[in-house]
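If you scroll down you'll find the structure; I have some questions about it.
As written, the chains take the letters A, B and C, and residue 1 is the first residue of each chain.
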Amino acid sequence: QDDPIVLKIATLGPEEDEDFAGSQVFKNHVESASNGALSVEIYPNGRFCSNADECSEALLDGRLDIFMTTNGGLAGWYPPAQFLDLPYLFPNDRVAECVFDGPLKAQLRDAVLTDVGAVRLMAMSNTGGWRNIATTDKQVKTPADVAGLKLRTIAADVQVQLVEALGGSPTPIAWPEVYTSLGTGVVEGTKNGITDIVGMGFEDHLKYIILDGHAYMGALWWINEGTFQALDDAQKRIVYDGFQELKWTARQLPKLKSVEAFDTFRAAGGEVYSPTPEEKAAFQDAAQPVWTWYEEQFGRDWIDAATQAVATCETELDAEYEDAAR
Amino acid sequence: MLGAARRALARVNRWIEAVLVPLCGLTIAAMLVVVCLTVAARLTGLSAPWTEKLILVLLPALAFLAAPVAYRRRANVALDMLPDALPPRAAMVLRLGVHLAVALILTIGLDLTLRKVGIDPGAWGRGLSALTGIDLTSIRPFRAPIKIPVLNIEWRWVYIVMPVMLSLTLLMVLEQILGTLDHLIAPTRAAPLPRRGGDTPARGTPPSQGLGE
Amino acid sequence: MQVAFLWIFLLALALSVPVVFGLIGATGLVMVLDLGGDFDARDLNSVVSQIWSGMSSVPLMALPMFILAGELMNTGGITRRLVAFSQTLIGHLRGGLAHVNILSSVLFAGLSGSAVADTSALGSMLVPEMERQGYTRRFAAAVTAASSVIGPIIPPSGIMIIYAFIMGVSPAALFAGGIVPGLMIGAGLMGVTWLYARRYDFPVANRRATLREVGQAGRRTIWALLTPVILLGGILSGLFTPTEAAGIAAAYALVVAVFVLREIRLAELGAVFTRAAVASGVILLLIGAAKAFGWVADQVGAAQMLADLMLGLTQNRLLLLIVLNILLLIVGMFLDAGPAILILGPILSEVYVDQLGVDPVHFAIVMCVNVTVGLATPPMGLVLFAASSISGERVETIARALLPFLAVEIAVIFVITLWPAPVLFLPRIMGLL
């Protein structure tokens, strides 16, 4: 038998992460379905490449075959993709998952193949759940409570714009220094998923979370186009199906892990607040300048496509419910 | 002949060094300003998210800007036990070998970093591949537009510092090679070689007063 | 064959190839000559990426900033005043300035999370002063290198943050766990200095200073003494992060030296900045090269082979803990602390924490202290290189002078490995365990 074709996957997170779990499901599917003609190597912990830009570069020039970018990571080489991070775009997991499986995915795949080339979008999942506002000293309930707060924000335009729109002060702090910065008060809060908060021990300092869910932390799985086109048709199909298997694992694991993470957070004395529909609407209103900013930068095309997709999915899911409850 | 080439190259390199040294100083000064700005912006409630990204660029830039200067001043750390133990002429041959090895590493590095900024080194790259037996041409020049978030600059514009500084370092290595050859051929006549650790921070300005001022 | 990269690197070092090119060359040769690992020419591109991203990290900025601060304090007369003050305090002891060097590292450790930054900052202040007072330069460099490994052991600590992130342990518990071992190393180093001082007749001030002289020296040095107060106060009150504190230290030193003490004329300032810049650049490139080297070590599975070897030796817990220390010390000799933790942490914690039942925080501290001490061991010790670059003394000369200090540090490692109480005591009473 010939040497197998090796597909290299790199993930930045540890082995406990959903990215790694999903990659293992992918590996299992691809290796068994191809009878060993394809072989998958997974490099977790940033072992192959140590940050999103470096990994993207390796993916784009073909040293790396498969990589997952976050919404923000993709924005580095396809800036219009920042629409995925627009605040309060997705109402809940079901709608987000439906949108990620719908025509929007194909649209994004084609756009990136045309504008950037070199990579093909294979599946969209989740990494880390939802971004919520977590604070050290006071419970945020309305946008007014954010005014003047120093919130640790990754240096990505949409995230920065959102904190500014809410009247807070976006403060980039390198990830390893966030823990200390929360303890000393350099920043008074973060915008992270609960699993990241507990994973880093931030519950020592963060005492309040509002489940505002301003961003669904999308995960976009890419394969290098050269790698993909070098496969034969049957192998292409196996790889594509593998990504769909991966997707479900990577979507479900954050939900499961956040149950435990919220318990840990509460056990450490943390309070979790669910905003009322009115309060949530107030956040959506306050976040409007971010949408305006996006439109000024990139036009309305992706905004329309995304809101349209969300509306379609909501209708679909409503119909499904009506049917089930009849 | 060799001596003349060496002196001419030394003149060029001195000039390069005279340009690079203030650039290094400006880079570290920029870092200082950026840090102070970050703190000041946060304390006044202003937002300056670009400062973090700028630091990510300034650090590697400083390392590459300093590389030619460091090689010329022999400021790179090395273990000198063997050349110290060898007779002078053998030590000189060893030094020549080391300089040549470094030159090869830098030449390959130059090819790689040119591809990283999107330039295909063409015939020269193929020549290097044939010479070293490494299939450098299998590396595509990198053209994808990965931008530094917030700063909105493509990484490859920043990466240009690599091929430029590697070329200049190669000039410094060449000067050392010529110098070593000069010494091997005519040890009595050749100008002295630079000593290791030519510029270390601890050897700063001696204080004008004693401890008990 | 799998560890060919290691032999190539060692050979290059022995042949006096500069370390930075030895690292890069060994990394490249492994790929080109196909000496282990599954590489092709395209992976050379990853080497370039690894070098770049190894330097492109925000916490690393503390390094050039502390070098600059050290250079400013040194040229600006701040160090001299601080040393004069320390002289009036403990200068009447034999080897007073060596003790001052160690004490400063312990205090400095509370400000900085990086051993290399400690070496650079304190080294560029104290090595010239020690030499001026008649210590040999190699001893001054050795004391500086040996004591600066306390930096990442006493919090804040860059490597503990990395460990906590990778292994999901509470960083607060790790920080608390590092305090006592850090103080133990400080005390041990002072013990060695005390013995040295008696044996080799180290310099002393002429006599014990009067209280009035202490007060006068204190007033002269008040600007210097304020530095840690400002930095610690600033960090604890949330004005800036520990990384930014390095920059604040440089800015403060600049203002004090130029405008308050007026010891640096504006015209001289350029020279100060360029000296700091070139020294920083050299060390930064070395860190990038070490990252690429560690990348290859990881890709060929060098760490896993070591772990297999260990469990093959014995299953006895006590013996395995001793083996752990030996392994980590050897690894620490060749790898930087960060990569060592990134590569070995997950593998070894599976062996020790999951299979042998060692307390996760205890294991984490043992590992962090080990790889940190490895920073000061030849052939691949960044602290050693920094000390060499700062002092102008050769690596091998410093390494020899360092041996007695290293012995103490290894002794402390064995104590905390076999007796967890000093590590776990503080996290327990602080309710972190």
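Just so it is clear, contacts are C-beta pairs under 8 Å (C-beta built on N, C-alpha and C of every residue); 3 or more make two chains touch, one makes a residue touch a chain.
Here the structure is a predicted model, which means the values were calculated and not measured.
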{"item": "Of B-C and A-C, pair with higher C-beta contact tally", "value": "B-C"}
{"item": "Chain whose averaged C-alpha position falls nearest the assembly-wide average", "value": "C"}
{"item": "Inter-centroid spacing, chain B versus chain A (mean Cα positions, whole Å)", "value": "39"}
{"item": "Intercentroid distance (Cα basis), chain C paired with chain A, Å", "value": "37"}
{"item": "Averaged-CA centre spacing for the pair chain C and chain B, given as whole angstrom", "value": "25"}
{"item": "Shared-contact residues (touching 2 or more other chains) in chain A", "value": "57, 61-62, 174, 186"}
{"item": "Contacts with two or more other chains, residues of chain B listed in rising order", "value": "52, 139"}
{"item": "Per-residue overlap in chain C, given as positions that touch at least 2 other chains", "value": "42, 45, 52, 56-58, 239-240"}
{"item": "Touching residues (chain side chain A, partner chain B) in the complex", "value": "53, 56-57, 60-62, 72, 75-77, 79, 116-118, 148, 150, 153, 155-157, 160, 163-164, 169-172, 174, 186"}
{"item": "Chain C-facing residues of chain B, complex", "value": "21-22, 24-29, 31-32, 35-36, 38-39, 43, 52, 55-57, 59-60, 62-67, 69-70, 73, 75-83, 94-95, 97-98, 101-102, 105, 108-109, 112-113, 115-116, 132-136, 138-139, 159, 162, 197, 199-205, 207, 209, 211-213"}
{"item": "Of chain B, residues touching chain A in the complex", "value": "42, 45-47, 49-53, 139-140, 142, 144-150, 155"}
{"item": "In the complex, chain C residues that touch chain B", "value": "12-21, 24-25, 28, 32, 40-42, 44-45, 47-48, 52, 55-58, 60-61, 64-65, 67-68, 70-71, 74-75, 77, 80, 83-84, 87, 123-124, 127-128, 132, 220, 239-240, 244, 246-248, 250-251, 254, 268, 270-282, 284-286, 288, 379, 385, 388-392, 394-396"}
{"item": "Complex contact set, residues of chain C against chain A", "value": "38, 42-43, 45-46, 49-50, 52-54, 56-59, 156, 158, 161-162, 164-166, 168-172, 235-243, 291, 295, 298-299, 342-343, 346"}
